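Presented sequentially are two complexes of subunit A, the first with subunit B as partner and the second with subunit C.
Moving on, here comes the complex of A and B:
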């Protein structure tokens, strides 16, 4: 009886594990398979011919994919710069200064996420159109930065509040001005959290579709838009390869978080 | 700045605190504190937690805004100045060393701010480390050091800038007992050598007694007593100080002043305190405070002589080593007594207390428990 129960439990565990692995890895395996399938049509369960033709097509220097990868990275870098330029002072203020309505400010940065994004971006696109900045990289960066601010401000606030106040006071105490203290003590100690928030914003920007679609098209083509066009055009190979490229930074980020970000910073996010 | 030289002492600065009030969000933490620190002295601020001693230190250093009052350093009011302009260096309870810097960078930070050249900083840090017994630790990360070592680095960082005033905020409380003993002597010796005016905050009575020239006992935002260790220990000016300094036994008394003496009654026991000491006693109901080692055990019917012999019964006995420690029920109170000979619990005894060693205060004053 005991033996039966225990082997049943083992079987159940193995089944759940397999199901979990399938859910997690199945779509990825499908992507990988599609990226090397040169010909694949029904009724075949597997590709008919394998090859790296589409990889070559994507990575050809003159190809659309490389151009939109360049656009994507450029937009992401600018977005990080804008987001950090706002979130470092904002995060410090939220963490250290006695702000009235602190909770209000924290929620304010959350607002862009709180409403259906399509509704917001249609209106943003209309406003941008009137301003004449629709279809520019600048407009896309603004939209991405607004979207990324909630992460970068909240994480920066958490990173700053994880820095022991006595460490700052110790610097002031032996003669450092507030600004000097910030740059030689507070910022270096909060840096891992700030860098993580920057990476997070970078990834969000790289991944962003809706906003780019409304304010960037047709002049600005980022990688997700290329993926969308390829998929809509039935070119699953290019779509799969684009998706795989988008996956790389996310995995690197996870490794970074795991390695560098301290638990006490993570615990203070949103607090 | 003579960087690198051993003779780094500069005369300590004098501090004058007048009418200092500090409040945190409506709670009064310090009320009307007047205090002077002579150059080169070592003062301990002593009190239980919440008495305001750390707040006083932080108000001096400029970390806590004051409501009113003045803080004069060398005759100049610094109360309105930010921390970096006050010429004080603090050693924090948590040490507050910067984990992203090496020992050299930590200690040299203050010098770097003052524009001292790299080589002079290195020489100066090296001589400080030698003084602190950490020679050759320059490139060590502070996170890779023991508590005692971090303590020394924190002290070195404070001393590196050649401060006129050194503030110590419970710097020893995170160390284990043995290192604490060593550090007490080292900090005291360094202070003596440099002649820096030092203010040490602690809740540890023995630490304050052994390190400081002068104790400031604080209670609920006020100064309860200021004096040398002997004065505060032997002649407490209030029930609170007596109790805080270890006179934890309390015996209710009645004092009747007479001609050149005072008659003291405690239950059935009677005694007479003659001379000046007797005349200074408060008349009426009073409470006497005394330490465990003051009283001794005797026969219940022993001749009183100069002492007070209060009949009682042994409630419990323990052996902490060297002496037996008894809890005796006498005059309706539990009293702790250390005594060399062994008695059985339940035995009737006489509690012999030398009258001259009691700290007697009016019952009304003493009614607020310490």
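Moving on, here comes the complex of A and C:
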């Protein structure tokens, strides 16, 4: 009797797990199916003809998608450069120097993420329009960098405070200048955390839709905007392929984040 | 001339702060001023009156959707994190652990495109149910309305909340939980009565962050549910792109600020009540 109850429970748990897997993977499977469906209409449950015609169309060197991919990657790279250029000094100051009102500054970097962003972006777009920089890569990079700054500053601060102070003191004792100590001891030791924050900012920029939607249109078409236009135009194949391209880095990051961000750095984020 | 450490610190942090000031604080004050300025200038609530007349239904709709999404996200996360912590079947725990994190970093716009196809009348979900014989083809309905938005939000946010919750549960003192089990409490009871009360702060932080995120997402309501009623984010974009009506759009924006402030205050109040109690 006990054995029956226990195997019933296991069966129920397995059933729930299967239902969960269906809900989790079903939408992704549907996306993958659309990307190779050349013709798919009701009442057919699966695509009528399969093929890679749309993949060829998307990956044609002159196609919109390749141009958008280029724009997206270029914007993401510039965003990482801007964000790191601002957050390495800021993170060092927050982690190592006597900074008045430190907690206040930490919260200030968090604020852009803590507010519903659409209302902010429409006003950024208005200001940029008056300045005449709306629809430029520069404007989109600024918006993405401000959005990603909380991650890069907080993670950089955590990475710097995880560096052993004794190592810096040892370098100073044998005669290294403060600047030399920073560049040959502190920065290299904090580098893994800072690289992780750079990857984070890169992904955030690659995936960003709302800010680009208001600030970048109509000249700057990143991959998320291409996806949106294709989906709203009813071209499910191109939309699905674009979505798959965006999926790859996100899933890779999910699988490998623990290697980039060591636990001792992670424990200090936001502290 | 040498500068003090304080001055150096401020100098190093200044460029980052300048970016936040220019791209967040300045537009924020811009939006507040624009929302409270009347058509003839001067302080007025005209924009809010207009926003209420046109979009009061969408305000309610937004609140209901976001609250429902947070509720379901919380429940799903509790079930997942609870199973990961207290589950005894190693095979089930392992499979769940490998599965549940997948949507964590998937962009909202990709999730929206997935759900747009999956939940459609002829989407893979209905088709699978028909193929399994659970449903007649004529019974198939499209879920691309408020239900689709809630489903997308829950699908996307559950891994995040479950990850934080599972981390908090793993850090709990196992001895208390084992003691509960030894005294004959079921695993469900141990989870609800012993474990959850201790990790409530972490669960609330994760849900408040999800609440604000859901209020900020434009792509999901636009792509998953095209028609009226819709969420305030879509209304704001519409006021700007179709009419250039910044006053009403910013009034709606202030409403979203207040909603997220409300969520933050509930959280802070709880935290303070707790501190007062101990």
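Basically, the second predicted complex is superposed on the first by the 268 of 271 C-alpha atoms of A that agree within 3 Å, B and C clash if a C-alpha of one lies under 4 Å from a C-alpha of the other, contacts with A are read in each partner's own complex, and residues count from 1 in each chain.
The working rule: a residue touches a chain if its C-beta (ideal position, glycine included) is under 8 Å from a C-beta of that chain, and two chains touch if they have at least 3 such contacts.
Here the structure is a predicted model, which means the values were calculated and not measured.
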Simultaneous placement of subunit C and subunit B on subunit A, clash or fit
fit
Scan A:116 for contacts with subunit B and subunit C and give back first, second, both or neither.
second
Does the superposition put A:158 against subunit B (first), subunit C (second), both, or neither?
neither
Looking only at subunit A, is it subunit B or subunit C that touches more of its residues?
C
Using the superposed model, give me the angle at subunit A's CA centre between the CA centres of subunit B and subunit C, as a multiple of 10 °.
100
Under the stated touch criterion, which partner chain does A:87 make contact with: subunit B (first), subunit C (second), both, or neither?
second
For A:188, select first, second, both or neither according to whether it touches subunit B, subunit C, the two together, or no partner.
first
For A:34, select first, second, both or neither according to whether it touches subunit B, subunit C, the two together, or no partner.
second
For the overlay built on chain A, what is the smallest gap between any CA atom of subunit B and any CA atom of subunit C, in Å?
13
Hey, which residues of subunit A end up touching subunit C in the complex?
10, 13-14, 17, 20-31, 33-34, 42-43, 45-46, 85-87, 89-90, 92-94, 97-100, 105, 108-109, 111-127, 142-143, 145-146, 149, 153, 203, 207, 209-210, 213-214, 224, 227-228, 231-232, 236, 239-240, 243, 246-247, 250-251, 253-254
Residues of subunit C touching subunit A in the complex:
5-6, 8-10, 12-13, 15-17, 19-20, 22-28, 30-31, 34, 89, 92, 95-96, 99-118, 122-125, 127-128, 130-131, 137, 155, 212, 215-219, 222-223, 233, 236-237, 240, 246, 249-250, 252-254, 256-257, 259-260, 264
Write out the stretch or stretches of subunit B touching subunit A in their complex.
61-63, 82-84, 88-90, 92, 94, 96-100, 109-110, 113-114, 157-158, 160-161, 163
Under the definition above, what is the set of subunit A residues touching subunit B in their complex?
164, 166-167, 169-178, 180, 184-185, 188-189
